[in-house]
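By letter and in written order, the chains are A, B, C, D and E; residue numbering begins at 1 in each of them.
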Amino acid sequence: STSILPAQKITIAAAADLRFVLDEVSNEFQKSNPGIKVDIIYGSSGNLYQQIVNQAPFNIFFSADISFPKKLDSMNLAGSKPKLYAIGHLVLWSSTLDVSKGIEILNNPDIKKISIANPRVAPYGKRAVECLKYYSLYDKIKDKIVEGENVSQAAQFVLTGNAELGLIALSLALSPEMSSKGKYFILDGKSHSKLEQAYVIIKNSETDKDVLNFVQFIESEKVRVLFGKYGFKLPVEDK
Amino acid sequence: MDEAFLQTFWISIKLASLTTLILFCIGIPLAYFLTYSTFRSKVVLQALVSMPLVLPPSVLGFYLLLAFSPNYLFGGWLNNWFGIRLAFSFAGILIGSVIFNLPFMVNSIQTGFSNLPASLKDASYTLGKSRTTTISKVLLPNIKPALLTGICLTFAHSIGEFGVILMIGGNIPGKTRVASLAVYDEVQALNFGMAGKYAMFLFLFSFIILLFIYSVNREYQKWKRF
Amino acid sequence: MDEAFLQTFWISIKLASLTTLILFCIGIPLAYFLTYSTFRSKVVLQALVSMPLVLPPSVLGFYLLLAFSPNYLFGGWLNNWFGIRLAFSFAGILIGSVIFNLPFMVNSIQTGFSNLPASLKDASYTLGKSRTTTISKVLLPNIKPALLTGICLTFAHSIGEFGVILMIGGNIPGKTRVASLAVYDEVQALNFGMAGKYAMFLFLFSFIILLFIYSVNREYQKWKRF
Amino acid sequence: MEKVLIDLHVKKKLHTNEGEGELDVCINIPEQALVTVFGKSGAGKTTLLRIIAGLIKPEGGFIKVGGQTWYDSGANINIKPQLRDIGFVFQDYALFPNMTVKEQLLYASPLKEHKYISELLDVFHLKGLCERKPGKLSGGQQQRLAVARALARKPRILLLDEPLSALDSEMRLALQEEIIQAHTNFNATTLLVSHDVYEVSRLSNYVYVIDNGRISKQGKPGDIFNSAMPGRPPADEGPNCYCSVCGSLRQ
Amino acid sequence: MEKVLIDLHVKKKLHTNEGEGELDVCINIPEQALVTVFGKSGAGKTTLLRIIAGLIKPEGGFIKVGGQTWYDSGANINIKPQLRDIGFVFQDYALFPNMTVKEQLLYASPLKEHKYISELLDVFHLKGLCERKPGKLSGGQQQRLAVARALARKPRILLLDEPLSALDSEMRLALQEEIIQAHTNFNATTLLVSHDVYEVSRLSNYVYVIDNGRISKQGKPGDIFNSAMPGRPPADEGPNCYCSVCGSLRQ
């Protein structure tokens, strides 16, 4: 094969919010396909896109939005059409405050810092700003905002208590590391544009049967359950 | 060059200058102790001083984030007693920068001290000069190249440093957003043109500073030697 | 400690050792030239050598990524003529690490050279010894503390470096995933316990290496002095 | 008899050409005396001076100066070199590379007496070089600076380790005069190391000869040097030798 | 007359105590001669030796050795110190701090002649110290090592800058003998700087006196030193002075 990697191994580049769910997915996959090794490299979608453009040896790219896969396709670097695999959710998260009342909590004067992901780079950060603007809160709390490089870091800021409140991905709030330590509130979908997440197979990997195997596995019922467990809606279900 | 850019840049310079100043003051006594003390377990201190070099900046930053958090011991104490929060503040990134650059300053000065002949110290002591006078009037002036190296390494490295600041700074414009973060940001945003412009400016600025310092040093060296 | 971790760790050590070795060989002639040459514009070279300190690692990494890319001049040439692709390979991160650590090695050695009295060189020359012999037998043995500082700084810093490697390495297990990246990854995964374990291991390992080097150096210093 | 100013008995291991030895000397120096230490190369003269200055710690014994104890192995006393009121001319000068000639003297002078420093510069023929750093001085100029610097402090005790060895005989004579002057002017008790018998005779009133780590002889220079030195032929001035040193003996 | 080995005329600006001056000397040294350069402190003796060794570049003139041109300002020739076959004893010794006594001699000896080096160690009383580094040697031991190191190379030309100034008279006499031996044994043409008139008379057959940057006098030692030195009283041996130097004049 023309693949740079030895056979029986798949290398996947994936957005930071998929960390927990894809780890479980690949475990399941390896259980039913022993002998195939799956390496997943997590990072911000932008950074991974950038590396793929520069010929990084990845087989599949799971982005946190749909624009990067589309760009790869238009640059003729994709081996398949971009395919929607999940829809993410933005949540409020705090370990100390009661967030059950929703967006109102942002008026609480006890809040000194609010963490979001970098809106210029991270899809979740961009949605967070949209949401704050939608509720006309952005200008009021602008000075309290601290930005994490990606959504995972924004979660870190609240989890360590340096920020009282964070606007992060539901998938992270449901992770074992966070779910026991705080409460979340799912923000209304109409306050921000949809978090459509898509994947593509990288050019020249579309002939690799292990890769195709994995992509098929993504569509399976087992995996749908796993995605559901981490709060993702599935594209069909959403329609 | 817009205002935001200049502001970002100004914070970088302020951070680097303060870091260098603080480390210069800490570094001299520490390097002196490490060079001249006969204390047996000073190697342990020596190794500790070099630790920030080995830990990835992001990890160091993460530990600082934990230390600064009001939920934990040190940060909680600061928060309850003084109402101070170090995370996401200029003071916080300054602390991070000082810790992170400690080995650059200390190791350089120490190399200088350990290359000096013992006779200089002896001669000054027999003239009745105290240790402080000896250090400031005799030892330090004779290790100028080493001091300069320490200052340059520290200043330059704190201008370029971004790992620690990324972890504890929160990227707040006008407070903790330094130039190195801004460039990284633009690269991440695939805004290569802007990133290139920022990087070029940073490059030129640093290049000019270094050029200036090394030219001065060259004059000094010429004057010292034959 | 699982297998993946040991593999990661091994790549870190390999990278740091090779970087140090290469820079030791490049650093000595370069530092010698920068110290003793009377070439007027050597300050420009001096400033260039220090540049990697100032540029944020991510920016440097980004430029390297562009340079390595087969779509651009240098990378294209390598790819077309030799079939070599540097990005995401061990050779690639080695090149990045060498460039990034250049100033640590060169500045340290240079400080050593410029603290040496001119008479040593003179004496060796009048004994009919060539420049190479003089450097290897007289000058270098007399700047051991400076060489040691250079080696330590470089080794430690390349173990801890992650910005450049993150950009051009792609974090690929078994090839370019070094320990510092792995720890960062665990922190990103909010897996603080595991990150702490990895960091502690890294910390202890480096601590022991540094402790060892400094103890040896201490013996050497004792032996040299009164 | 005069009051004893320096009273010492020190021991220190030495590694000499002949193997391991021990320096073990007792010396009493009266106030304002000018005493010479004489001995072969490697005998331990410099070591003795460094011990008195507090730069080397002996392995046993004591050093008492005036009423004060500077060192006592029994009582575990060892006061710092800074607190011992001495001026030291090092055999290798130990000049400060960063300071000009004048700055070194100013640094050494506790009261920054410009007039005195200017006198010293004159006497030591350094006036024209006062803005130079030691790296650009000739060997003899460096040595003169080292002596001038020790005098600039006006110390109570002067320790001179071969202070004039690099000078031509004319300069040497003039500076011997200066050392005598300084010695009387500010009452410095002086301990001199010199290999030059004429110099020793001219300057000092008492000589200690160190041999094998012990004081082998002591007394007035006349007494010590009239007994022929071991292995040397007797004195005899030949006509084909103009001896510049002896030449100026009679003052 | 003997063949001229070294023929030089060099110029170099000097900054002396009296202000700016110029070193401007012409010297012809016959093969195998042992010539002394004599002059006040700061006269330019060391500078002259360093120019011959190629460590300082003069501002004009030429240096020819044998048939070879070492330096010529007109033809822009200046060969490297490494290629000039010399042995240099530096006034400040310039020993290598990293090497033991023995290693320094081995380093200097091109053929690593262990027998010869062992002889040198013996003669210079350094055998017992051969594993020591210079930092642990006394002043006189360092100087002896510096001379031994220069001889170890068996150079064609020996440049000795006050090679025995730190030694006691006994050692000094013995090592003067060694320098004479070396000079005859391997035919080294020798240029010596010394302040000791007796030493000059004993060792050398020709003297150059540098004064104000010029050669003010030259000739046989007897001729030069019999005319009384300026400002010095005439020779007169008094009974209360045992002159160790003159004492051993008659061989």
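Following the convention adopted for this analysis, a contact is a pair of C-beta atoms (placed from the backbone, for glycine too) under 8 Å apart; a residue touches a chain by one contact, two chains touch by 3 or more.
Note that this is a predicted model, so its numbers are computed, not measured.
Note on connectivity: the fewest steps through touching chains from subunit C to subunit D is 2. Any chain that touches subunit A and also touches subunit C is listed here: B. Look at where the CA atoms of subunit A average out and do the same for subunit E: the two points lie 82 Å apart. The distance from the centre of subunit B to the centre of subunit E, with each centre set as the mean of the Cα atoms, comes to 51 Å. As a whole-number value, the distance joining the C-alpha centres of subunit A and subunit B reads 36 Å. Shared interface positions of subunit E, defined as residues touching 2 or more other chains, are 92, 136.
Residues of subunit B in contact with two or more other chains: 62, 66, 187, 225-226.
For subunit A, the set of residues touching two or more other chains reads 50, 153, 156. Here, these are the chain pairs in contact: A-B, A-C, B-C, B-D, C-E, D-E.
Listing the residues of subunit A that touch subunit B in their complex gives 44, 46-47, 49-50, 95, 112-113, 115, 118, 120-121, 145-149, 153, 156-157, 160-163.
Interface residues of subunit D facing subunit E in the complex, by the touch rule stated above, are 15-19, 39-42, 45-47, 91-92, 125-129, 132, 136-141, 144, 161-162, 165-173, 195-198, 201, 222, 225-226, 228-229, 231-238, 240-250.
On the side of subunit B, the complex with subunit D involves touching residues 117, 119-120, 122-131, 137-138, 141-142, 144, 224-226. Against subunit C, the residues of subunit A that register as touching in their complex are 11, 16, 19-20, 39, 41-43, 50-51, 53-58, 150, 152-153, 155-156, 159, 172, 175, 177-178. Subunit C makes touch with subunit A in their complex at residues 65-66, 68-71, 85, 87-88, 170-173, 185, 187-192.
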